[in-house]
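Below is one structure, written out as structure tokens, with a few remarks after it.
Chain naming follows the written order as A, B, C, D and E, and within any one chain the residues start at number 1.
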Amino acid sequence: MTAELDAPASGTTDDSDVVLEAEGVSKHFPVRRTGRDVVKRTTHHVHAVDDVSFALRRGHVTAMVGESGSGKSTVARVMAQLHRQTAGTIRLHGEPVDVRGGRRFRAYCRAVQMVFQDPFASLNPIHTVRYHLTRALRIHGNAGRTRAEREAALEDLLASVQLTPARNYLDKFPHELSGGQRQRVAIARALAADPEVLLADEPVSMLDVSIRLGVLNLLRDLKDRLRLAILYITHDIASARYFADDIQVMYAGQVVEGGDSETVTQSPAHPYTRLLVESAPDPDRLTGRTDAPEDSAQGEPPSLISPPSGCRFHPRCPFAMDRCSVASPPRLEVGDQPGHWAACWLFDTPSVEAAS
Amino acid sequence: ACGGGSSAAKTPSNGVLTIGMPNGPQTNNSNPFLESSAGASLGYRRVIFEPLVMTNVVKPTDPGKPWLATKWEWSDNFKKVAITIRDGVTFSDGQKMTADDVAYTFQLLKDKSALNINSIPFGDIAASGNQVTLIFPKSQYVNQNKILNTPVVPKHIWSKMKDPTTDPVKNPVGTGPYTLKTFTPQTVTLVRRDGYWQAPPKVTELRYTSYTDNNAQTTALANGSAEWSFVFIPNYKAVYTNKDPQHFKLWFPSVLAVHGLWLNTERKPFDNPVLRRAMNMAINREDVVQQGEAGYFYPKVDSITGIPTPAGEPYIADAFKGKNATVDVAGAKALLTGNGFTYNGDKLVDPSGKPVTITLSDPAGWSDYQTDLEIIKDNLSQIGIEAKVDKANEDAWTTNVETGNFQGVLHWTNNGYTPYDMYQNMMDGTLYKPVGTGGVSGNYGRFKNQQATDAIARYADATDDAGRKAALDQVQQIMVDQMPVIPLMAANAGGEYSTRHWVGWPDEQNPYAPAQPTLINALDILLHLQPAA
Amino acid sequence: MAVPAADVAAAVPVEEPAGKRRQAFRFLATGKAITGLVIIGVLVVLSVIGEWIAPYDPSARSSDLLEGPSGRHWLGTTHLGQDILSQLLVGTRSVMVVGLVSGLVATILAVVIGVTSGYLSGLGGEGLSAVSNVFLVIPALPLIVIIASIVPEVSTLGIALIIGCTSWAWGARVLRAQTLSLRRRDYVEAARATGESTWRIIGVEILPNLTAVIASSFVGTVIFAVLSEITLAFIGVSGGAEWNWGTILFWAQSQQALDQGAWWWFVPAGLAIAILGTSLSLVNFGIDEFVNPRLRTGGRMRAGFTPVVRGGDR
Amino acid sequence: MSEPVLEIKNLSVDYGMGPDAVQAVRDVSLTLHRGEVLGLAGESGSGKSTLAYGMTRLLPPPGVVSGGEVVYHPQDGAPVDILGLNRPQLRKLRWSEISIVFQGAMNSLNPVHKVVTQLCDVIKAHDKRSTPASRRARAAELMKLVGINTDRLDSYPHQLSGGMRQRVMIAMALALEPSVVIMDEPTTALDVVMQRQILTQLAELRERLGFAVLFITHDLSLLVELSDRIAIMYGGRIVEEANARQLYREPLHPYSLGLLKSFPALRGERRELTGIPGSPPDLRAMPSGCAFHPRCPRAFEPCADRDPVLAAPEDKTRSVACWLHVPGAGRTAENSTSSTTARS
Amino acid sequence: MSYLLRRIGFYLFTAWAAITINFFIPRAIPGDPVQSMVNRAQGQIDSNAIHSLYVLFGMDTDQSIFSQYFEYLGQLLRGDLGLSFTFFPTPVSEVLGDSLPWTIALVGLTTIVSFVLGTGLGVLVGWRRGGWADLVLPVTTFLSSIPYFWLGLIAITLFAGDGGAFPSSGGYDPGVTPSFTWDFISSAVLHSVLPAVTILITSMSGWIMSMRNMMVTVSQEDYITVAHAKGLSERRVMVSYAARNALLPNVSGFAMSLGLIVGGTLLMEIVFSYPGVGYELFQALGAKDYPLMQGIFLVITLSVLVANLLADVAYLALDPRTRREG
């Protein structure tokens, strides 16, 4: 039995919960042409994101894991409308969004906030923490009416990301903060806007586990209380398992697997996901570093300028079949759990059956 | 050679004379009829193209020297002249100059009004043998010298030009003793040619250099790299002559034109001749000339008729001979109070009860005029007139003068061989246009006096000397009474020159020509020059 | 219980900004900036009171023609016997007005147009950059001459405005280029994603990061403006009835003061202008510390070699 | 254990000078042995990066090294105190002997040069005999090493993803095969596959070349797998140092224990995570005594007023700074703290 | 590529706008060429000559300014710049041909030298912020705030007066003619020393200051620290890391000044009687020589635009982040 799922579907929750939705989004970056290219009139592109669809639901955390350079940040930026997608549609509350700045963009920002991956670059070096946060509060009308209210709001914000005592940090400039502290300021800034959707690009990668836990708990609390929709991009699969409801796995610009977080981490379907989960460091395994599942990690990451044909993972895939290099697989349901799917021919049951 | 360190400044250049003008870079253009040409700007057109007759503005009443014409005869009413052309004159390309060339030249001026700078109304022009006869529709008494000064151009070359008005004449061919050797925007070199019709000049090479401004020109004069020029030098003694008092000379004789304070005679209270006369009495010409014009550049006008002396001496009416303008503040005040003006403390109040004020203006960049105005302002305050000096923008000022939109300006008059040109320029009612209308070429002060207009016309048309004298006497009387322009100083035709290498220059004692290198007399001077011993 | 807590929260930060301000103005403490500010201050004061403290009427003639410095005329006299010191003092105002007003006008225009055209993409940006290109090629000098001849009497302020309005294009181009490189920085994108308005991004996020360029272009424009005014007066295009240092130089030059040996006529005004320029460049030293928080604490330390202060008394 | 390559003795690093200086690293001693991976974990803002940059003297102003020694033992030759070197000496030492991967990878790369140029730059600076072609080849090799397709050699930093930039920095750090590599959270933006691949490479290289690594990260599971020893920092001090396995199994310091209880596991039951209550200490006003005591569930009487020293409790291979592990603390603590009370 | 096409489109538009403005601006000045000519002669040209001059300049017929404008555009398309009034009837192109080479050679060379020297000094001064090098800037600003003519005249008095080593005016000795001879070249070089040095002195500080300020800003960036960490030589860090990033504003400034070279430096040309375009423009302005003015403006316009286009391209090459992607 087969089920080719309609993008951006995944099952159980009903569609009215969907806040932000990406449908068939692609983003290609032009590569500078060399002299030869100009002569040949060809243009190359980095196919950073290709035909990605998924939905963010109210009160739901969607984690996005995947290869480094597979386009996760680009997806986030496109969804925040900082990059214009090459193809596809972004929908907010079911309305296609097309905001090229101005008032409409601001309205969009009120609903969709983003935490940037690099806290070293995303804070303006000449402004203090106070400025960054006050602005975020002000723009979205959360600064309160009086000075005292604003100060209280600032303190609350900083306290929620465990930067206490607040006065120690408020008047610091970004360069006076440690990496983790900057990251927390960035999160606080996004939270200050009180958004409906939070696009968090590796928001806690530089935090120690205890603070990370605190921040994730905070986010979880927000999601539960305020029904916030969160896109949580991370490399820490364990924390994705812990924190997220769904997981999307990206590989080379495409989403290759999606489903319930427990399912995806515990019984990964797509060979890449399996590789990923196996590669995660696990002190309990205590096998020592030499052993590891390195045998399956062979091969190098694909070029995104001229991506492999068919399934982009096939050159590295231990289970690759002929058709993998020819046709790119659609989303195929994996039998075990509802809403668990993988874009891999291995799960194309009817064709396997038909072939036999 | 331009720096003190350069060689030519110190060593005599064998046969070379260096001439400078402060006119900026030039373009290769030797068209003798165009004031915009390098030939005109630097003056070298005078040594290539010769006039029919050599006249001298410094001695306007002297008869002209025969040059390419040996004889010229005017009819009594000055409507016809018969010119006999010199024989044996050749152009520098070897062709003979004939009456045909002369007739062609006049015909050219007649046909192309763009080249007819003096606006001479030519009638018939005829050549026969070595005679050229010109007929005019009206008396050319006042223009006679201008006509005879016309440079002669070769017909065989000029008639082949596509358009003589827009031809830069890069290879000028004339009857003069020099030909163009090289041209650069900065320097033009001419060399003496063979086959000149009279005794050739001693100077074998002329080097005309164009400096960008007065300062550069002065520096060049002071260090000897320019030997002859025409430029305003403030404090000339310190800056120029004292550098080599033995050789560095200057001579600035006056000609028949004045620089004066033009008043808008239609504006109250300056429409009152009494006020104008009183102002005339208050202005200290000596200070103006000494401090503003460095004591030499524009010679002081003494005669109350405004006619510059000594050039105009013969023209001054008997009644005014020896009557000179002097500073007389008390007299001026008396004159004013005797004619309805009053004083309110120091301030002069006009008969209608308003204080008398005046704005004097001239372009900001004309520093000598500006200095003059400062002095005049001071002088006028002596008789209670509050003056303000306005450093105007040159373009705006020009338009304002044109349209009569001014109170008082320092300005010049036309220039000629008789006082007619200057008086006509100041007082001719036919030039009158109401304030606000431009396009006037004179009478900027909007002077309206029928008698003056008539007298000026009578002077030009008179057929005998007595008639002319009577007319001119009347004009002078009107000038003295009405004072439409307060004449301060005479225009000049002078120059700075160095006697280090060449002697024989004109001067006070031997005023055979004006010393300016760009006038027709430049050629005459060159013919007088001898190497210094 | 909550009331006192809020009180504390409100009370503590009140003094913070004050402290911050003190820190921000620390740049004044550097010797160079102070020297510059003092000189500018003196010039500003002179431009206000110059008229009153001038010993003579600058235009008044006297019988001391072209005299060197003496007890009576500290800086000597002109060919008309005018007191040069008085001319210099009275002339300060016009120079300062022109310098500062046109410097400000030009810098503001350059910043607004340059940064906006760099930040905005598409037609808006290109259009603004085309405008600055046009202004770049419009020759300022002729324009000034023209305006001076159309308007009957151009005041000093008028000249200042004309110079200001014609000399911004240079700065705008430079700023535009620098903005192009800043506009895709993460922190700009982050501000955008926070929902900042375009104007605020331009004005508050990008602009302060351009201060280095703006400061040098401001100093440059002021000097340029002063020199333009003086040049105009010097070549006799605009005189105005007012004295300024350029008019002094114009007279000195037209009377060939240097050739006459009257250095006192020519030298002081030129030096005065140079001193004005120098003081601006001294202030420039303070500016980078003022705007760049990273430099405030740096002192003379240089990147890459952390100093070791072992056992330093703390 | 083999001989030390880098000995940090009582290093203190301040931000600023004079009365408003902040002491971000206090009195830290650490030894890095040849061929060893030393993991450094700890609270965010506890001074890990400051320590790393301070000991290499790369801390930007207003950072000041205010005390201690950093002794480097070259393969051959006498040990040198890095803090006493002058610029040229330091420059020679840098990268060829000690290389460092900075925490902010985006800002670490020169935005106007291509990646390949920057890679070649270091090779050129320290290997005068290299040719452009050889450098480029080496750069390509390095890029492959960190799993970046070589068609990205000619990219500019802003065209790379966060992880790619980090990998470029890692590649650069390995370019000259130095003796010590300091890595400040080098893998935060790397997926685990890539991370494992790189770390495996690193391990191989280390085996081959014998360099030592100071690895700063928050990923405890990674540290446990990767490193030989782990040091835990808190409030500018090292609070515990132990063999990786030991630390994981049996953390002695309450802070270490808290950390281990806070990280989620990928496999097995979803366990309840407790975290560490309270908030990080204020560097300007450090709590008296043990900096952790306000948050410590097991704090007792000496903790609040006396600073515990980092000392070995019972066995020799590990040390911890906690009164809990000082036998008889609270009664006989006077002598053990005397050395640190001089500091205020 | 559409990006480049669009840029070129904008540049064409700008050129047209500038040409149009430059056509109308001069004509807004009161007065006309004939008036100015008579005026400037201060009596040396008779007022009777006015009529003939109007005829000569072709201004005796009434032609609306717009038909003149379209005629001018037509002329331009044919590459005809018209006849200069001041030097009537010399074609404007010839006037330009005479003066442009001088300006370009002298001003161009000094602009380049001043940019290179100034930027270099600025790099050093910015790199060693706080050291002795900080003195360089006030000193050079002092020099550059000195009005150019002032410095030039003093230089002439000191070095070109009696016994001075340099000529005080002109582009070459009056005795020689421009050609490729040693005589001419050496004299041209000698004549250019004083102007060149004074331009250099007065123009360098701008470069120094903007470079210094950018260097100071850039030297705080993390990648500079990393560069130090890499053990690169101090010079390499300074040049290839700090200066390379700090250079951008100066580059666009440089492009613009290259474009403005053809405008000449009026004062230099006046003070040193240098036969360049700046003085020509000044004269044309005074003489209301519309064709010449327009010709010079056209050259300035085109060269500024070309320089700007080059700057844009250089920018793309120098700072990859300025490329507009996506």
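Assume contacts are C-beta pairs under 8 Å (C-beta built on N, C-alpha and C of every residue); 3 or more make two chains touch, one makes a residue touch a chain.
The structure presented is a predicted model; accordingly, all values stated were derived computationally and were not measured.
Of all chains, B has its CA centroid at the greatest distance from the CA centroid of chain D. Annotation: B-C is the more contact-rich of the chain pairs B-C and C-D, by number of C-beta pairs in contact.
Distance from the chain A centre to the chain B centre is 90 Å, each centre being the mean of its Cα atoms. Distance from the chain B centre to the chain E centre is 38 Å, each centre being the mean of its Cα atoms.
Between the CA-based centres of chain C and chain E the separation comes to 23 Å, rounded to the whole angstrom. Chain A and chain C have Cα centroids lying 49 Å from one another. Within chain A, the positions touching two or more other chains are listed as 29, 118, 120-121, 175. Each of residues 145, 149-150, 184-186, 209, 235, 253, 259, 292, 294, 298-299, 302-305 in chain C touches at least two other chains. Of all residues in chain E, those that touch two or more other chains are 29-31, 153, 220, 222, 225, 227-229, 270, 319, 321.
Note for the complex: chain C touches chain A at residues 6-7, 9-10, 12-13, 16, 19-20, 185-198, 200, 204-205, 208-209, 291-294.
Listed in rising order, the residues of chain D touching chain E in the complex are 53, 56, 58, 60, 87, 90-96, 99-100, 102, 104, 107-113, 121-122, 125-126, 156, 158-159, 172.
Residue ranges on chain C touching chain D, taken from their complex, read 184, 186, 294, 297-299, 301-312, 314.
Partner chain C is touched in their complex by these residues of chain D: 14, 16-19, 21, 53-54, 57-68, 83-84, 87, 90, 106, 158.
Note for the complex: chain A touches chain C at residues 77, 80, 82, 101-102, 105-106, 109-110, 113-114, 116, 118, 121-128, 135-136, 139-140, 147-148, 151-152, 155, 167, 170-171, 173, 175, 186, 189-190, 193.
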